[in-house]
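The next part holds the structures, each set out as C-alpha cells.
The same subunit A turns up in both complexes below, where it pairs with subunit B and then with subunit C.
Let's look at the complex of A and B:
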C-alpha cells in the first residue's frame, strides 16, 4: 500500500464507522465501575471543603438549573451535592430559574438519593423538615434582585407540604424559619447547564457565598468568577463530579497536615489546617466513576481520529514545486 | 408601598387571591385586545411609554443611592432617602410582576402552538399526523400533570415523595415526564457527541500556524480532562524531578500547563469577551428602553 492510498484511507473513514466506534467505546465502559487515577482540581477541592465546613444549622440554597439533556454531568453534580449535604445534615431549599422542567428533575434525584439512604439504613431526608421546594421562577434576574433586597418577600407566597400533609408557607418550615435575610443562608449552590451563574453573581455577590456546579461547556464561562474570588468553589463537568466522588471516598487535608486519614487523601493547596474525613463505607463512587472511564475512551477516540485525519492530510499533500510553479 | 403590596397580594388559597387572579386575567385580556385593535400609529407610543416606565424602575434601582443599614420602621431623612426606601420596598413586588409576566409568556406559547397545529390537524395539511401527536402529547401531559398536582396539594394527602404512596396519576406522570420527555431530551442532546466527533475528524486539520496552535491547545485541554493521563504524566514528571516539590520541571506537568492556559489565556480572553458583550448589551438595552428600535411594535 503506498502512502498516498494510506493517506486517503485515513482521511476518508466513513461517518457510519466513526459513529459505530463512538457507540462502542462510550457504552461498553459504562458496564464497569473503575477507579481511575486522578488528581482533583483546586476549584473542586475548594467547593468540597466549603460544603464540608459550612455551619450545618444554616440552610443552603440549591438553584437547580438543569434537565436530563445534561444528565451525564449535572445529575452526578446534583447527586454528589445531595449526598454531602444529607450526610452533614445540612438543610436546603430547592428552586429553579432556568427551565420549568428543572424542579421535577431535581425532585426525582432527591427521591432516588433518599431511597439509597433508606437501603443503607440511614434516615430519610424529609421534605419540609430537612428540605423545602420553592419551585420555579421564570424571571431569575428579578428573583435574584429580590433575594438581595428581602429574601422573605422574594419567596413570599411559596408553599410546600408540611409533615401533616397540608400546604404551608415555606418560611414556617424548620428549614427557613430562622432566615431573615440572604446573609442567614450559608451558601448558594447553582447546578447549571446555562449562564445562570452570571445572573446570580451580578446580583448576589458579597451577599451570600456562591458556588457553581456546571457542565463542561459552561466551565470556561464560569471559571473567571472563581479566579476573581466571586465563587467559593466550582466543579466543572464530569471531571468535577469525579473529583467530588474521589474526595468523598478519601477526604481532604490542608497542606500543613502530615497525618492523613487515608494514603490517597487529597491535599488542598489553598488550606492549611483543615481535615475533612472521608465518608467511609458509604456510596461515594457512583455515576462519575462509570461515566469518567467511558469519557476516557471517547476522548481517546476523538484524539486518535484527529491525529489520523491529519496524518492522512500530510500523506496526501502534494509536494511543492520548486520556484513556485 | 405597603398599600401597593397589600393590594397586589393575598393569602394563598383565599377567595381574595382567586378574585385578584380572575380580575388580572380579565384586565390583561381586555388590555391585549384593546392594544391589538388600536391603530398602528397609536400603538407605538403606548408600548414606548410602558417600556420606558418599566425600564426606569430598574435604572433608578441601580443608580439611586440605596438605603444603608436600614432599620425596621425607619423614617427617611429627606426626599432622596425616601425614594431610595420606596425603590427598595417596591423591588420584590416588581420582581413578582416580572415572574408573572414571564410565566404568562408560557400561555402565549401554548396559544400559538395550538393555533398553528390545530389548524394543520383540522385542515389535514402536510404532516398533520405529527401535529396530532404533538397535541395529544400536550393534552396528556397537562391532564396527568394537573391530576398529580391536585392530589399532591390536597389537604391530608399522603406523602407523595414516597413511591409506596403512589397511585395512577403519579405513575402516569412519572412515565410521561421522566420516562419519556426527559429521556427523549437526553437522547436528543447525546446526538451532539456524534456530530462533534465527525466534525473534529474532518475539520481539525493543521493547515496553518493558527490551526496548529488551536489544535495543540485543544489537545492539551482534552488530555487534561482525562484524569488517568493527567495523573500519569504528573507522576512521570515527579519521578524525573526526583520527588523534589520545588523542582523547576514540576511546572511542566499536564495539569500545570492546562491550569496556566486556563488562568492566563482562557480567563482573560473570556473577560474581554464579557466586557464587549456587556457594553453591547448596555447599548442594546438603552435602545430598547428608549424605544429607538424600530421593529416589533408596529407589526
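Let's look at the complex of A and C:
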C-alpha cells in the first residue's frame, strides 16, 4: 500500500464509523466500576473546604441554572452539593435565574437524594424546615441587584408550603427567618451551564461569598473569577464532580496537619490547619465516578482520530513544485 | 410494566431518535425534534406563569384575604400599569404604531445602561488588579519548599517569599496579558520589530488559550454523550429491563 493511499484511507474514515466507535467507547466502560487515579484541583478543594466550614446555622443560596441539556455534568454537581449540605445540616434556599425548566429539574434531584437518605436510614431533608423553594426569576440581573440592596424585597411575595401544608411567606420559614440582608447568607452557590456567574459577580461580589459549579464549556470563562478571588471555589465539569466525590470519600486536611484520616486524604495547599473528615460509609462515589472512566476512553478516541487525520493530511499533501510554479 | 419504566422507555426512544441525526436527517429525528420543541415551549409558558408571573405579579397585584394562618394583604394595583407597558412591545408588528415598541425597550436599555459602569468595574476590576503581580524574586532559591506537615509559622515564612519559579510564572502571566492586549492594537501600523514580535506572541498565546477552551468544551460534550449512554444502558437496560441494581 503506498503512502498516498494510506493517507486517503486515514482521512476518509466515514463519520458514521467514528460516531459508532464513540458510542462503543462511551458505553462499555460504564459497566465497570473503576476508581480512576485523580488529583483534585485546588479550586475544587477550596469549594469543598468552604462547603464544609461555613456555619451551619446560616443558610446557603443555591442558584440552580441548569436543565437536562447539561445533565451529564450539572446533575453530578447538584447531587454532590446537596449531599454535602444535607450531611452538615446546612439549610438552603433554591431558586433559578436562567431557565424556567431549571427549578423543576433541581426539585427532582432533591427528591432523589432524599429517597437515597431514607434508604440509608437518615432523616429526610424537609421542605420549609431545612430548605425552601423560591422558584424562577426571569431577570437575573434585576434579582441580583435587588438581593444586593434588600434580600427581603428581592424574594418578597414568594411563598412555599409550610409544615401544616398551607402556603406561607418564605421569610417565615426556619431557613430564612433570621435573614435580614444578603450578608446573613453564608454562601451563594451557582450551579450553572451558562454565563449566570458573570451577572452574580457583577452585582454581588463582596456582598456574599460566591462559588461556582459549572460545566466544562463554562469553565474557561468562570475560572478567572477564582484566580482573582471573586469566587471562593469552583468545580468545573465532570472532573470537578469527580474531585468532590473523591474528597467526600477521603476527606481533606491542611498543609500543616501530619495525621490524616485516610492514606488517600487530599492535602489543600491553600489551608494550614483544617481537617475535614471523610463521609465514611455513605454514598460518595456516584455519577462522576461512573462517567470518568468512560470519559478517558472517549478522549483517547478523539486524540487517536486527530493524530490519524493529521497523518492522513500530511501523507496526501502534494509536494510543492520548485520555482513557485 | 410500571409508569417509571414507561417514562424511561419513552426517554430512550427520544434519545435514539435524536441521535439518528448522526447517521442522516431522518423523519424519526424530525418527529422527536418537534416533540422536544413543543414540550419545551409549552413547559416554559406554564412555568413562567406558575413560577414567576403569578407569585411575583398577579398575587401581589390582587392581594390576599385573611385565612386561618395568614393575615390579609392589600393588593398593589399599581402593578397593573406593567400590562400596557409590556403590551406596547407587540406594537412592533404594526407599521403605524411600531414606534411605541421603543418605549419598553427604552426603559430596559436605560435600566441596563445605568448599571454598566459599576457592573463593569466589579467584574473586571479585581481581575485587572490580580494581573499586577511581582516579577522580581525575593530569594535565590528556585523551587518553593514542600510545606506538608510544617508548623503554621514556617508555612507563613515560606509564603512570604517570592521564589524564582514563582517569579517566572508571574513573568509568563504579565507577558501574556501585555502581548494579548497588544494584539488588539488595530488603530495604527506596527513598525517596530519588538512590538511586532510581542503582537505575534499575543496571537500565538490566544491560539493556545482557544485550544485549552476547546479541550474543556469537548470534554463537556463527551460528558453529555456518556450521560445519555448511561441513561440507555444502565438506567433503562440494566436497572429497568434486567432489574439489576446499578
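The definition used in the following text is that the second predicted complex is superposed on the first by the 319 of 325 C-alpha atoms of A that agree within 3 Å, B and C clash if a C-alpha of one lies under 4 Å from a C-alpha of the other, contacts with A are read in each partner's own complex, and residues count from 1 in each chain.
Rule of thumb we're sticking to: contacts are C-beta pairs under 8 Å (C-beta built on N, C-alpha and C of every residue); 3 or more make two chains touch, one makes a residue touch a chain.
Predicted, not measured: the structure shown is a model, and the values here were computed from it.
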Side-by-side fit of subunit B and subunit C on subunit A, or clash: clash
Partner chain in contact with A:50 - subunit B first, subunit C second, else both or neither: neither
Subunit B versus subunit C as contact partner of A:306, first or second or both or neither: first
Partner chain in contact with A:316 - subunit B first, subunit C second, else both or neither: neither
Which of subunit B and subunit C A:159 touches, first, second, both or neither: both
Which of subunit B and subunit C A:282 touches, first, second, both or neither: neither
Partner chain(s) touched by A:181 [first = subunit B, second = subunit C, both, neither]: neither
Partner chain in contact with A:149 - subunit B first, subunit C second, else both or neither: first
First (subunit B), second (subunit C), both or neither touched by A:220: both
Touched partner set for A:70, first subunit B, second subunit C, both or neither: both
Superposition clash, subunit C against subunit B - the stretch among 57-65, 147-155 or 183-191 that is involved: 57-65
Touching both subunit B and subunit C, residues of subunit A: 15, 19, 22, 26, 69-71, 100-101, 104, 137-138, 141-142, 145, 156-157, 159, 164, 166-167, 216, 220, 224, 227, 237-239, 295, 298-299, 302
Footprint of subunit B on subunit A - complex, ascending: 13, 15, 18-19, 22, 26, 36-39, 41, 67-71, 100-101, 104-105, 107-108, 110-111, 114-115, 127, 137-139, 141-143, 145-146, 149-150, 153-154, 156-157, 159, 161, 164-167, 169, 216, 220-221, 223-224, 227, 237-239, 242, 292, 295-296, 298-303, 305-306, 308-310, 313
Interface residues, subunit C side, partner subunit A - complex: 22-23, 40, 43-44, 47-48, 51-52, 55-56, 59-60, 67-70, 111-112, 115, 119-120, 122-123, 126-127, 129-130, 147-152, 155, 209, 212-213, 216-230, 232-234, 238
Residues of subunit A defined as touching subunit C within the complex: 15-16, 19, 22-23, 26-27, 30-31, 69-73, 75, 100-101, 103-104, 135-138, 141-142, 145, 156-159, 162, 164, 166-168, 198, 201-203, 205-206, 215-217, 219-220, 224-225, 227-230, 236-239, 255-258, 267, 269, 272-273, 287, 290-291, 294-295, 298-299, 302
Contact set on subunit B toward subunit A in their complex: 9, 12-13, 61, 88, 91-96, 98-99, 101-103, 105-106, 152-153, 155-159, 161, 163, 177-178, 181-183, 185-186, 188-189, 193-194, 196-198, 200-202, 204-207, 215, 219, 222-223, 225-232, 234, 255, 259, 262-263, 266-267, 270-271, 274
